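The same chain A turns up in both complexes below, where it pairs with chain B and then with chain C.
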Partner chain A sequence: MYEKYMIVPERAKKNEKGFEIGARLPYYRGVSLSMVEEIEVSLDGETLPQSDVVITVHGNSYNLEQRENELDDRWEMGEVATLSVAKESDLKAGEHTIGLKINLRIGYMPFPSIRVAEKTVVIG
Partner chain B sequence: MSSNIKRAVSLYSYQEEYFLRKMSLEECIAAAAATGATGIEIVGEQSVLGCPKTPSEAFIEQWFGWMDKYKVTPVAHDMFLDYNKKKGHYWTDEEAVESFKKDIRFARSLGFKIIRVIVNTTPQIIEKVLPFAEENDIKLGIEVHAPWNINSAWMERHWEVMERTGTKHFGFIPDMGGFTRRLPRVQIERMIRNGADPEIAKYVCEQHEKGVMAEYTIYEVSKMSNRRIDMVVAEMSRHNTFVNPLSLVPHMDKIIHIHGKCLEMLEDYTEYSIPYKEVINVLKKYGYNGYIATEYEGNRHIQDVYEVDSVEQVRRHQEMLKNYINS
Partner chain C sequence: MKLATSLFSYAYEWNSGQYTLEDVIAETRKRNLGTGLEIIGFQSLRGFPFISNETIKEVKHLLEKYEFEPVALDANIDVGIKRHAKMGIDETVEYIKPQILAAQKLGFPILRCQTTAPAEVYQKLVPFAEKANVVMGIELHTPYSVDHPSVIKMTEMFEQMQTHVLGFVPDMGTCMRAIPDALLNSFKTAGVTDEMIAITKEIWHKDIPTPTKFGELAQTLVPMGATPPQIGRLNMAFSMNGRQPVESWKKIIPYVVHLHGKFYGFDENGDEPSIDYPAIFKVFHEGGYNGYISSEYEGSAFTDEFDAFDQVEKQHQLWKRILQNL
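Let's look at the complex of A and B:
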């Protein structure tokens, strides 16, 4: 569901910590950030630590620990969040393959809701 | 034989366009009204920012303004219970009831008279929240969604609460996906695009249509393939159930609302998988007079390769309902 729209390539760019991409929640409603069990980003096949991902929704930023404890603020349906990923080594400008896995804890589903996507994006 | 069944549209149906910001909330309401439907249903947490928090006065005013402008009525709000919202903690009944009450306040603030209760809600929670629902004159409807059916063990426990309390504020909301006679073609084709074996898929569809119990089909497929995706196709027959529409009859006075699920509306105004005419004939004959709300959900199976046109799918579904209700 919505895998195609998860990665928003137009929002990809380098930033002071590493790089960032735009991301949409692969679900038909918004959820509290605490329900986002996993955000896993990979860069050119290398899986990056989830603790290096900071999510920003409507101006509010959360690291992994803050996200897990955020019961009120929500990632709304269709909202493009920014995922900022720390990356020490200098990232070459140009095309990169970005992978994104999002795992949601949804109370009524008998199993974890895991969606994965991959796109080639230009990180300038 | 005409009937008093009323037509609604769940704005969930337009989720593809709403997700991509191709349609605003107002445009979804306008599209629903343009089909001739008179009722509106929403998944609050989809359509309204911050739900289940009670919306701002300004939003509430705008909402009722839209209802007047498009001559439609709020019918149902679909709620969830996020029991595991906090990692490592499972809600107590008290926490679940508090969350449920927020949805009741939310529904009331926007004029909804019915709440679709998510299927994992326990009968005990319903009983605990029922006095508050009654005070607010909100009817609760447990959604009977495949693979459950109205006579499933879980539903029997909810039925027992309805019987014992004698309340007018708790009933069933059957989802028409429980009458999936043919497996959804859009879903099967998506599975094949994802790598499922077309021959196995064809076999599973044939068995399903013949009414062969899913467990037989699943076992047979396990002998044909050791690939997970082929098993997922076989398991579709277990998840997309068909039961005799007459199973609704003994419960007719407890059916407070209906979800008109559709995944693929054809040009001839029939749904590929669900024999709507048969189900609606049962509803008419036994006096159902609530709403059927269109719930188009095909987008998720075709969005990988096709342009989704939810507005047209909903329009066809509403035309079909109108024909069957009035014929």
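Let's look at the complex of A and C:
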């Protein structure tokens, strides 16, 4: 049931690029960022391009390409990462439905570990 | 046999952000859940395997304060860390070395290792592990039952090497008598239907290799409209629930250094319907095994209906009953 804590609504807000949310890793342990195969965010039903998502863990930010190649730095278990999503059109302040899909590539599992969560959050 | 708890059991509670390492260890002691403790490096220790002196001090202090014997530190062997290339033999050796050193520094006699690394990797690591005096306990997690070709190869290598730093950690999810209903029912939130569950159960009972089961499940369910996440969930039923007979462990007991007491839940009598613990304790006890077995609650992966501390407590009650009657 890691889905329950994946989206951290208190950390949702508008930023200069678009908006950001807090997210926890849906797994029993931390993993190197390169093992995070997909981070897919949707806003009010619209799936946003993964290349528009920047992840920040303990002060270090990675775009898609950087994340895919980061073997050492890790998204720790329980750590709330910031997912910053570029969104050009003016986003209305207020309630929004956020969807989050995280796909992990775990070397000892024969198939991808995919977890999907959805929450209504207030983006101020 | 001696009882321990693996902090793996509390992954979900911990993920809520409401517990510290000390909180989970303190609660484990308060409920008297064994004399041994198992921890997972990449779960509990920031920056693992390159841990600071401060972390080493903290872990040792907590073990002492709450009177736990360090039983096993769990390594993870992330052979798929690079997107497009699987780790080679020498790279894997280098990935494990600092984890061996972490176990040594923290005072854990066993480093739980995984079958994702082949026998050759562990053979190369023997001199390093001997120098560190850390036992590489290779977990036999389903589908790696004692008859699996990789495990047979591993056993042959053990025989050849004749060293105390190589051993097995059988996981009791390898020898189950049923797929836990709690697991299957939890998939319904992902839109899995009763029909899909029935098909999964049917395929599980077949005497065919696990990869073949993955294929057969996808082949049957895709035309029914099952989505990849749904099939992914149902695949868990195969990857987490093995059907090896309990008696088969007898073949490797001399090499067993630790046991993973995987469990899913209990019936009204306090028994685990999907794993035959009385039979398991009997086989290992009679085979001369007198080491630890760790509670590993698997429930957090699929349900939040139960409190993991309560669940581990129930398992220890069951185990204590079994031990009294051995």
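Here is the rule we go by: the second predicted complex is superposed on the first by the 123 of 124 C-alpha atoms of A that agree within 3 Å, B and C clash if a C-alpha of one lies under 4 Å from a C-alpha of the other, contacts with A are read in each partner's own complex, and residues count from 1 in each chain.
Convention: contacts are C-beta pairs under 8 Å (C-beta built on N, C-alpha and C of every residue); 3 or more make two chains touch, one makes a residue touch a chain.
Worth saying up front: this structure is predicted, and the values here are computed from it rather than measured.
Overlaying the two complexes via chain A brings chain B and chain C into a clash.
Of the two partner chains placed around the shared chain by superposition, neither chain B nor chain C is touched by A:93.
With both complexes placed on chain A, chain A has more residues touched by C than by the other of chain B and chain C.
Of the two partner chains, both chain B and chain C are touched by A:71. When the two structures are aligned on the shared chain, A:1 is found in touch with chain B and with chain C. In the superposed model, A:122 makes contact with neither chain B nor chain C.
When the two complexes are overlaid on their common chain A, residue A:114 makes contact with chain C while staying clear of chain B. Contacts of A:35 after superposition on the shared chain: both chain B and chain C are touched. Applying the stated touch rule to the two superposed structures, the overlap between the chain B and chain C interfaces on chain A comprises residues 1-2, 4-5, 24, 28-32, 34-35, 37, 68-69, 71, 74, 76-78, 105-108. On the chain B side of its complex with chain A, the touching residues are 12, 15, 18-21, 43, 45-46, 49-51, 80-87, 118-120, 300, 303-304. Contact residues on chain A toward chain B in their complex (touch as defined above): 1-5, 24, 28-32, 34-35, 37, 68-69, 71, 74, 76-78, 105-108. Every residue of chain C that touches chain A in the complex is listed here, in rising order: 8, 11-12, 14-17, 40, 42-43, 46, 48, 76-83, 86-87, 114-116, 186, 190, 210-211, 214, 228-229, 232, 235, 239, 300-304.
Looking at the complex, you find that chain A touches chain C at residues 1-2, 4-5, 24, 28-32, 34-35, 37, 68-69, 71, 74, 76-78, 80, 105-114, 116.
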